[in-house]
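Following are the structures in question.
Consider the two complexes below, in which subunit A is the common component and subunit B and subunit C are the respective partners.
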Partner chain A sequence: MARKTRDVLSVEWVRLELLRTAYATRGGLLARMDPRMVLLWYVLLAAAPWLTHNVTVLIGLFVLGAASVVASRVGPLVLGLFVFGLTTDIIALFAASFFFGGDWNTLAALAVLNLKIGVMSMASMAAFISLDPEKLSDALLALRAPELLAFGVSYGYRMLPILVDEYITVLEGMRLRSAAPASRGLLGWRTVLHWSVMSVTAFYPIMLNTAKNVRTTVEALETRGFTYAAHNPKGRTLRLAHLKVRGFDVAVVLTTLALVVLAFAIGVEYPLYRIG
Partner chain B sequence: MSTPAPAPDRPADQDAQQRRGTLRGAIDGVRTMELTTSQKLMVFVLSMSLFGLSNILLEIIPEPSIGPVEFSISNMIFIPLAVAALFSPLWAALGAPLGEIVFTDLLMGDFSGLAEVEGYLQMFLAIYIGGSMVRNPSNKVQIAIGAISIILIDKVLSAIVDLSKVWIGVEEAEYVEGLPQSILAVEAVGLGMDVLISGILFGAIPAIWLIPRLYGRIEPLMGMRPRVPGEPIPGDAPKGPLFVGFALFLSAASFGFAFLEAFDLSAGAWEPDFLGRFGDSFLWLSVAAILLVLGVTVLLFKLAQKRSSHDDAR
Partner chain C sequence: MTMHADPVIQVKHLSFRYPGAERDTLRNVSLEITRGDFVAVVGGNGSAKTTLCKTFNGLVPHYWAGDFAGSVSVDGQDTFDSTVAELSSTVGYVFQDFQNQLVRPTVRDEVSFGPLNFGHEDYAERTDETLEHLGISHLRDSFVWQLSGGQAHLVALASVLAMRPSVIVVDEPVAELDPARAREIYLQLRELNERHGITVITIEHHAEFVAEFAHSVILMADGAPVWHLPVQEAMNRHRDLEEHGIPAPDAVALSALVLGADDDVALDVSTAVELLRPHVAREFTATERPLDPGTDRELVASLRGVEHGYRSIGGALRPVLHRLDLDLHAGEQVALVGTNGAGKSTLMKLLTGLIVPRQGTVEIGGIDTRTRSATELADKVSYLYQRPQQMFLRDSVREDVAMFPTGRRREGAQELVNQVLTRVGLDPLAERDGRTLSGGQQRRATIAIGLAMTPSLLLLDEPTSSLDVRSRDDVMAMLASLSSTVRCAVVATHDMELVASWATRVLVLDQGRVLLDTDPRSMFSRPEVTGQARLLPPQAARIAQELGITPTPLTAAELRTCLPTRDAALTKENR
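Coming up: the complex of A and B.
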């Protein structure tokens, strides 16, 4: 059987793209801002759609969200997943309600909700892709989020590529050492079973490895007084001293606010409460 | 630290292992089941990163669906169950849903803002309760019950939220035909598929294989001793009215977010004249309610923090 190589959608590509998402901000607009202001910007844009039912306003906000996604240079994988998710969501809900005797009304009603969710997802894409893990965890700490949350964010983003690498190494090793099923079976169920068993059993060595790594990390952290430093107000100020809000940040947030207000103003002028 | 009082004598017919566990839990000042700060952090981080990894994998796997029924694995629940059963249910349950949010939702732009709180709480409750059911890490029946109950609790809670959204939202908008029945049917079939696929095939069976295998091997790597069956659950939740109040308020808030969405569906899309009658004030009212709940939550959190730092100082 000839092997097909897919350049675009391989696990390796997904992994690299994720790495790029987590670390290399592509230098967009929001990446240059203070992380606290980016979070404020996010809250502004994510809350706005829930304050109205006016479709005109929502379309305006959707355009604003799309513009911010372009401005912060979101990568193709994340964008593709978003578009794919939104379309399948609409299709699935529509199919379900159509199947049980609904009509176009149902779709129109759901379109409004999907528009709102779309605005919110685009805002979160733009914001969280522009923030690297260090910045995000500093911002969370500055806003007095629990220390465990801030730590979890920065640790998670750092460890993710290593963990995925390790897992793929183990899985490839198991594949090399085991024979593929002789026949594929009905609908390829033997192959599916083979892969499922491998992907689950691969977690055994991964869990042992991760336990060891976690102990090393945590003990190194605790030797440097991680938990106590996080509780200590002096340590906190020292760690967050580099955060500064500049004129640029204020300008971006104010511009967004003005655009949101503009969208609402247009909505008052040309109200549209339902589609179709 | 004072040694707890020795356990009272148990009847002779009690399981011998059970008794040994009770005694060992309080054997001396060094080997109590109190987790140290760094051990709690270790369990938290382990559960978070492993569950996050499994979620990334599930993100890549395609999800075939026939009509509205999806044949998808929603979670690899055996991972947090293993951490909960071998170490501590509370810290495993705190970590795992955070891993899901940090690794997949934030990275993939799938972040649904404050509604994530609802998902976090459901998962936390499910893993905490399911993990607490496994008292003996080599008992296969307990492991299977734990795995299935995690999926059941998580999915039933989210189904209740979904259904009540429809019930409250669509009751006055009956002219949209087919939606309530369709959502009810989809939820019921979805629950069955989830229990079968995520609960049994990718939950109970791997857990039965994995947990006894890791038992006794993974603990030394983390610098702990294996749990002895029957001893008290390590690192249990601080039992205080404050903790209970905090949890209750958080769940109230999460329902608030869910219902804001539901209200939106019903009033916004299907009944434009409803808005004309009451104006936008109704919407502002629910926003105000959420803000109030959030404020109280923050206050409670501050109180709890103050108390815990007071405890640390002692």
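Coming up: the complex of A and C.
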């Protein structure tokens, strides 16, 4: 098969999708909001499905979750993984329930659980895709999370693209220097195994390299007053001074709240519980 | 002496030993640095340059707690009674591996990080002002991982300057940057020094920058200063420098040839030109390296109508190579030069088969790269990455070198590995992890990895970057000896000395096109091309050009042949 440059479903595409997701480059509704309000919005939508067993309400919330995923411009990689995860979960449950002598009833009960998890996952996707690292760390700081956690989150984001690049480079090196299996094997299992081994062992050099590199980072943090700030809260106040809840933020949260209430109201009117 | 009128840093009888070390790293150091000075700290590997500079901001002894004797005072403050945080407001530090110094996601956040931590109300103004000073305001919303090396260095510098220090220490700016970018950094440092009165201390291996920018020079050897002199006197003692592994810049070495023992040597190109002009012959007989006639120019690789580009984060296709046609032949030593983003790395990756072009064809030894996997093509092509650590995939150098030949069950793999290790001089270190070796040894280990793949086409990405001068000479000698085993070698580089002394063919890439395809001498004789591709010819070549010598000598050794011997020059002077 002739090789060609692919723009989707290639290593490069995964890399770009990760960055777009982590750095909220697509914008969207929630990306324009104050990060603390985004977290509040998230708690609201993620908690709601756990308050009921009413399938009507859950379907309503599911639709709301799906709409927020669209409004937040969630990328194809994350969305694809979510759909893949949800469908394989359903198929697995289906198989398992029949294997253990269950029937349609068991499956319906499990479907309710899946709906709840689905709503929560979609809320998570919408919220965290809209928070770039600075916003997320400011929000955590504002909510009195430990300084180190807030910093760790933003530092993790700063390192992510570099680690991804490094990983790809090491993986390329392995491709070039290791020998491919002589025959592909049944369904290409040898090739799959070869790639699996490479993708796991590629982590090893990266960890060693990173361990070496962070020595400078730790010294640099010291020189730039990171530990000083831990004892002097003035920096925190200054850093968070820019956070401001605007009418738009309140409107989005209130609208969501109204829609959740609406879903519950419809649920009361047309209740649908699992039969049995 | 007026020079020590107002010392900003005073070191008295300082000795320091790292915890667990056998002997003192700093040995009874006493020196003074005057406010407003531009100091270069020079010295061989292991002469404790970095350790000395880390005593200025208190990293030694507060972060590196060891045996500390004597005293260091900064702006009247004894560092032992102070903290790193307090001292950092006075002394800013830009690390050698400055990329690891950047800790925040965006440039603006990075620069304001220090002022915010120290609770300065005016952090936003400081950030804007610093970015403005360094001319990088347009980068303020960029993510740090999007920056090029030069930009990242400026951001690291900005994040230090935002704390308004009166002293800044810059550890080896040239190590990770190409010379043209490093020069820009130095121009910025000069500006900060002259306009804003900031005391600048740089740790530097490259004497060319020292001669051009520094006001005074501290030569370190074995944990103590040999001397601290104004730059002119320091360069007049270029023999001392050379003894300690710092070769004199071409301007210094060449002007010394025509000067008496007590005269001041030239520190820059224009002074060297004035001094050399009366002595120099206008004609130069080049001894070109002939192409090996035995190979009959066999085709190793060929590219036809190659177009390639990458998707950007926004989704747009960013073209990198445009309709590229290129043939590489046996016996060639090709240097690939051009600015960052000119397409050098993309071209190399296309040749390895790691990527295939969006349009056009790449053939290696007559095989279209589209029809084979990169793993299969590795039988013919090997690619050595710029950062050696990325090539150490196993526990020891020996295993890394053996990975390819034993993985593919090559006959005589063991002998080949032994032979290659001996050739690069790493026999005694073969069982060590590559990461624990010095920069020069790491580079030799990667070359060994490449040689053990017995390729017909060897690709090297920046093989001489971030090496000190001695290791660099080592690597250059090794590259020169490659022609016997490798049929064709391609080096992507910013190192113009390497181009001048090693390459038989130069490809100048500019915005995805071949701007020029010729031999090094012809390239360096065309200022319009070197200007457009932002290439800085070796200092000797620049001197030769201003002297109007044709054809242009490229190295100090070549230019020397146009000069009379030392005695003859002096006699002529006296007449």
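Rule of thumb we're sticking to: the second predicted complex is superposed on the first by the 241 of 276 C-alpha atoms of A that agree within 3 Å, B and C clash if a C-alpha of one lies under 4 Å from a C-alpha of the other, contacts with A are read in each partner's own complex, and residues count from 1 in each chain.
Keep in mind that, in the parts below, a residue touches a chain if its C-beta (ideal position, glycine included) is under 8 Å from a C-beta of that chain, and two chains touch if they have at least 3 such contacts.
What you see is a predicted model, and the numbers here were worked out from it, not measured in a lab.
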Quick check on the superposition: with subunit A as the shared anchor, is it clash or fit for subunit B versus subunit C? fit
On the A-aligned overlay, A:116 touches which partner chain: subunit B = first, subunit C = second, or both, or neither? first
Using the touch definition from the top, say if A:161 reaches subunit B (first), subunit C (second), both or neither. second
Of the two partner chains, subunit B (first) and subunit C (second), which one does A:177 touch, if any: first, second, both, or neither? second
Given the touch rule stated above, what does A:235 touch, subunit B (first), subunit C (second), both, or neither? second
Between subunit B and subunit C, the one with more contact residues on subunit A is chain B
Output check: A:132 vs subunit B and subunit C. Expected answer is one of first, second, both, neither. What do you get? second
Compute the least Cα distance separating subunit B from subunit C in the superposition and give it as a whole number of Å. 6
Based on the A-chain superposition described above, do subunit B and subunit C contact any of the same residues on subunit A, and if so which? 155, 157, 201, 204, 208, 212, 214-215, 217, 219, 221-222, 226-227
Mind pulling up the subunit A residues that touch subunit B in the complex? 11, 14, 18, 21-22, 46, 50-53, 74, 78-79, 81-82, 85, 92, 95-103, 105-106, 108-110, 112-113, 116-117, 120-122, 124-125, 128-129, 146, 148-149, 152-153, 155-157, 159-160, 163-164, 167, 196, 199-201, 203-204, 206-208, 210-212, 214-215, 217-219, 221-222, 226-227, 231, 273-274
Note which residues of subunit B are touching subunit A in the complex, please. 37-38, 41-42, 44-46, 48-50, 52-54, 56-57, 60, 65, 67-68, 76, 78-79, 82, 94-95, 98-99, 102-103, 106-113, 175-179, 181-183, 185-186, 201-202, 206, 209-210, 213-214, 217-218, 221-223, 260-261, 264-265, 267-270, 272, 275, 280, 283, 287, 301, 309, 312
Complex interface listing, subunit C residues touching subunit A: 57, 59, 63, 83-85, 88, 92-93, 95, 97, 100-106, 109, 113-114, 116-121, 123, 143-145, 159, 163, 308, 310-311, 313-314, 352, 354-358, 369-371, 373-376, 378, 382-383, 385, 389-393, 403-404, 407-409, 433, 435, 449, 453
Would you tell me which residues of subunit A are touching subunit C in their complex? 2-5, 7, 12-13, 16, 19-20, 23, 25, 132-134, 151, 154-155, 157-158, 161-162, 165-166, 169-170, 172-180, 201-202, 204-205, 208-209, 212-217, 219-229, 232, 234-235, 238-239
